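What follows is a set of structures for review.
Same chain, two partners: chain A is paired with chain B first, then with chain C.
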Partner chain A sequence: MKEKLSSFVASFGLPRLIISAFLLALFILAPIVGVDLPMQITNVINRFSWNAVLVLAMVPMVHSGCGLNFGLPLGIISGLLGATLSLEFGFTGPMSFVMAALISTPFALILGSGYGWLLNKIKGGEMMIATYVGFSSVSFMCMMWLLLPYHKADMVWGLAGKGLRTTISLEGYYDKVLSRFLQINIGKISIPVGALLLFALLATAMWAFLHTKTGTAMTAVGSNPVFAKAAGIHVDRIRMLSVVMSTWLAAIGILVYEQGFGFIQLYMAPFYMALPAVSAILIGGATVNKATIMNVILGTFLFQGIVTMTPTVMNSVIHTDMSEVVRVIASQGMILYALTRKTEVTR
Partner chain B sequence: MNLKPQGAGKSILNILRNNTVPIMFIIICSICIPISGFSPAYLLNEILTRLGRNAFLILSLLIPIMAGMGLNFGMTLGAMAGELALIFVSDWQIWGIPGVILAMIVSVPFSVVLGFICGKLLNMAKGREMITSYIISFFINGVYQLIVLYLMGSLIPIKHSSIKLPRGYGIRNTVSLLNMRQCIDNLLAIRIGGVKIPALTLLIIALMCLLIVWFRRTKLGQDMRAVGQDMQVARDAGIQVERTRIISIIISTVLAGFGMILYLQNIGNLSTYSAHSQVGMFCIAALLVGGASVDHASIGNVFLGAVLFHLMFIVAPQAGAKITGDSMIGEYFRVFVSYGVITMALIMYEMKKRRQKASIGEQLALAQREGSRHE
Partner chain C sequence: MSQNVPLLEMKNIRKDFFGNQVLTDINLTLQEGEVLGLVGENGAGKSTLMKILFGMNVIQETGGYDGTILLDGQPVDFKTPFEALAAGIGMVHQEFSLIPGFTATENILLNREPKKKSVISAVFGERLDVLNRKEMNRKAEAAIDRMGVKIDGTMVIHDMPVGHKQFTEIARELSKDQLKLLILDEPTAVLTEKEAEALLLSIRSMASRGIAVIFITHRLQEILDVCDKVVVMRDGQIVQDVPAKETGVTEITRWMVGRSVDVAGKAEIRDNPDAPVAMSIRRLWVDMPGETVRDVSLDVREGEILGIGGLAGQGKLGIPNGIMGLYDAGGEVMLRGEKIPLNRPRACLNASMAFVSEDRRGVGLLLDETLEWNIAFPAMQIHDKFLKNYLGGLVKWRDEKAIHDITQRYIDDLAIKCTSSKQKAKELSGGNQQKVCLAKAFALEPGFLFVSEPTRGIDVGAKALVLDALRKFNRESGVTIVMISSELEELRQVCDRIAIVSGGRVAGILPATKPAEEFGLLMVSQVK
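Presenting the complex of A and B:
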């Protein structure tokens, strides 16, 4: 029995176990300390629906052996370009969301191919360079948001008449356009079915893709590039495809996030957005070179659960908001754990 | 490896190629300086101040590079240790130079513990030291916040309410270091015209450089270089690779702690929760601007980098404002350049590593072919 337990801990991972236990404790504690549980559950589900696609964006690159996509901000920038251009062109309501997704696609394809080409040149050092590609592109776009000729009155600074604002309200555009679609209310709990459906659609597509010939090739490239090359797979092309997919999913992911959140955040906002997504998929049980759709779902739920529940529950228990510290330690600790595991170093 | 004699033209090209980043920065600065309209005396003054402020911190990066562990993004840990020490010292109300020296002494145990943890973790993540040290700095930042924001004043005794938050525990957002502000810089300062030369600070930095030069020649320093060259060979030669790597990180962390204290005595106040967050990035960018790479850095790189990088930092916002009429452009430009430089340096390093690997493979194949021909 003891052996079984220890082998379970070893396979599940101690940090993951601690985080799950912590979240469980939060859920049990919540009604005892007088926190509105249905409200909290609604929040967790909502935040899950905002973030799940961004976490899903991690999957292709992990599969092809490019590691965790710390360069997620690059895809986010494609999404932001799509969003702002869609608004600038005067689309409103649900149409603006569709157009934002359409416009961001070519940007994601172009930026993603460039990024993939770069990552093919520097195999082995992907993660560090990805981080800095993300940072440089965000800081480059900071200049562009000011310089590009946007003119729509509710997007630019009022006084100067140019330069985009740091946050742009989506009211009248695609604010909650997915969340409200087919929304179900059970008692106090409301479920944003539309957003969940889109995630389900993308996740199923991803699952199906990974079972196609190209998808299997991708997994082969990730687990053993030499073998894959010997089997006649174009390693570089597959890696490039995975990077483009990841970048495009990040672009769509940020649009889904925005429609839930209700605002477009520009300038330095995308800077650290890769880290929550990375730690979410790791908490869900993924490793640096293995990730499944289940990891995405479980990880996003656990991560967002902790992010939503800690502040309220902690506040009621000890009357201080330690949530920020808990979030930082849990998420960074999880990434650190994944990076330092012995089995994954020998790649 | 290349024994072929090279023409003069090729060697100039090589120099250009190896120093792309510094040359680019010299060009940027020489364009921006006239546009910004700052007087030479002002610029010289600013640069000397910033050199005194930052050079020590940048020097702390050299030793891990020597040990082949890349750019130590974990130097932030040292910075946090220095800040912890400064919080304690200012609570004990010890000011001036004794305060600075005491803070340095107090920071050592913190730095050693943090450096040890960092070194241990990096040994578990060989080959991806940089991203790991980068995440470690975030992780320890969380722990730092836990200690400073919640444990100080509740578990760890803090007497003076001037540095505590009104709620009775936790440290305020800024801790004033007014009583030790520039105490080292001003002692023995030389003023020529409008330019103040912080002689003592520069002297300390010079001493540190000598120490590093000496350290390279010691047994430990040689061991580190051997580990940096090839871990396997070093291990076969009887060097304790893991131990050597941990020591190199500990030294770097301790130096970063000292550097942070020097930095903050110049600034004169401590932003408790944000002072350390950008330090690693700026120091690494400065070092790379000086022409260093991930696997090679010299003391010359530190000074050239500090001067060029900070020159850009001073003139870019003003020049940007003059050109585009928007002061924010310059601000964003310098942030972009800092990140861009690091990105470029990382890319060039990885590409060089791949090229070397490929050429070693080719040589091996050639040797094998020749070997079989002899048989």
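Presenting the complex of A and C:
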């Protein structure tokens, strides 16, 4: 029994066990301190559905040994370009979501290839460079959002008539298109089946990809690039592919996020989007070199659970707004923890 | 001190690395002012012995050693190099440990500089003493003089020719007043002939001043020129301990490579000069750090096992690594009449060549993945084996069952010790990892196989299995094998012909039946 328990702890990981226990405690504590539990559960599930695809975007680059994609904002920008252009071209309703995804794809391919080319030049320092690629692309787009010739009345600044607003409402466009699709309501709990389905589809595709010849090569490149090279793999090409996949998933991920959230957020909003996704996959048990779909699901659930539940429960207990502090401690702390584990890889 | 108490006495020194015996019952004595030449093949245990004497950390970390060391008749046991230094032992390593931006004098006296008091240091303590440049120059000068060569103490290391750097290192050891014993680990390896001569002179002049010297080198003539006695090591044992006057290069070579295993497998060796050429290598150069290949031309015959031997650093490892595209290479390589493009690993693999790398952990294995992945991966990627095709070949799905079956087959065939085919490669012992590397190459079903250092760092039992597997693969499947190894005896057991590489060139090719000393002579023929 004891052996079984310790082997379970070893495979599940102590940090995850502690976090799960903490989350469970929060769920138990919630009704006692007067928090509306069904609403909080709905909240956690919804936030899971918004964020899961962004977390999934981490997987390809981890597998190919490019580390965690701190350059996620680049993919997000592709998604934002797709979203704004889709609205600008006058698409509405569910069609605007489909078009946003289609339009953002070429942007993701082009930006992703450039980003991949850069990462191939600086092997070993990917995560550092990625962070700054993300940051600088956000700053660059801050200028472009103002300068690009958008004209749609409900997207541009009211008085000037040009330059995009910081926040654009998606009402009448693709607000909750996925969440409402096949939505199930049990009592006060509502489940956004459409959004979960899309995530399931992408996650299954990713899982399947990792079982193909190319997917196997990708994992091998991440595990030992010299071995892969000696087995005749074009290491740079595989890495490039992983970066493009990651960027495209980020673009789709932000669209899913927007449809749930109900707004397009521009300018500095993508700046910090990478960190919650990075922390989520790390909480889920991924390392800098290994990540599975299970890590994505578990991690997103735990991370979003913690950041939704902790502030509400704590606020009810001590009557002070602690939400942002807790969120920052949880997400940054997890990244710090995971990066110290980096040396685990055997060479 | 009387001559009857030797300066250094090592008694029954034994050392094993995790059960792998590397030194057995070493007994060694050294008198004051005596020069001892220590020779042996790579891996014979020379450097391990010196590490024990010098108290290197690696010895402690791997469980210490057995036996006693007496210095001036007193038992000593150095835990760190600092203790050895304090006791009067100096060591000059192959790699320089000098500060490039400092002058020779500064390097020689680093951290032991004579100092002057000043007002500031009187107030703030001795760390702010001023260097006594005059005294420094005098001391450095004296140390350089003791060596018997002329180098400029004011010259910055950076600007010095290699030889002078080496002399600076030696001078640093000599400047220590307590120095009694100096260990020189291949000091002439980087020197030109002139510089080497000067060094040998200085060794003699040190000896005449009463300093004992242990001199390790591959250049046997130097040993005869300068040493009082020669100690030959092989397989962790001292096989000969004779005065230098009473022996010669040929004899030393024979002791070095040994004759003991001459009988094994002789009958099977085939030398068929009429066999067609499988691979012809012309004017190959390879830029592999530490194993530079300068100009190799070689014909490999169909169906044979060709051995490539030679001392470390002479370029034998560069040949397969260069041809297989892992390091920059140039020249011409033809496989069965087809030109093999260099610097493109994929092209070599497509031409049904395979390579088992000497760097098991770095190149040979996916340490974090299962045995199944390790064995099946190259065959999957190169020949589309172990894949199921869906949607008309658009989706190539990993066939887990086929992968499991092939892995299980090789686990049984090669007797790989593991808990299951899903075990991670890093959890296996060195010998079993090597078998996995072989299985990986066998699974490719190659027409031509390079095997590099297949027995490096594995124990005797595993060695035999690995060599048998290679031989069987060659004889039963008719696959041409080129095997690179530092161990001549092993090559002579397995190969049909053996090429010896020396100084980045092929020094000669002999049938494996030739006596060991002929190979030994080739090995040292062009050492640079």
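As a convention for this text, the second predicted complex is superposed on the first by the 324 of 347 C-alpha atoms of A that agree within 3 Å, B and C clash if a C-alpha of one lies under 4 Å from a C-alpha of the other, contacts with A are read in each partner's own complex, and residues count from 1 in each chain.
One rule holds in what follows: contacts are C-beta pairs under 8 Å (C-beta built on N, C-alpha and C of every residue); 3 or more make two chains touch, one makes a residue touch a chain.
Note that the coordinates shown come from a computational prediction; the quantities given were computed from them, not determined experimentally.
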| item | value |
| --- | --- |
| Touched partner set for A:M127, first chain B, second chain C, both or neither | first |
| Chain A residues touched - chain C or chain B, whichever exceeds | B |
| First, second, both or neither for A:F227, with chain B first and chain C second | second |
| Touching partner for A:T216 - first (chain B), second (chain C), both, neither | second |
| Touched partner set for A:F135, first chain B, second chain C, both or neither | first |
| Contacts on chain A seen with chain B and repeated with chain C across the two complexes | 345 |
| Residues of chain B touching chain A in the complex | 121, 124-128, 130-132, 134-136, 138-139, 141-143, 145-146, 149-150, 324, 326, 328-329, 332-333, 335-336, 338-340, 342-343, 346-347, 349-351, 353-354 |
| Residues of chain C that touch chain A when the two form their complex | 324, 326, 345-346, 348-350, 355, 357, 359, 361-369, 373, 377-378, 380-382, 384, 387, 395-398, 426 |
| Chain B-touching residues of chain A, taken from the complex the two chains share | 70, 118, 121-125, 127-129, 131-133, 135-136, 139-140, 142-143, 146-147, 163, 275, 320, 322, 324-325, 328-329, 332-333, 335-336, 339-342, 345 |
| Touching residues on chain A, where the partner in the complex is chain C | 208, 211-214, 216-217, 219-220, 223-224, 226-227, 229-234, 289-290, 345-347 |
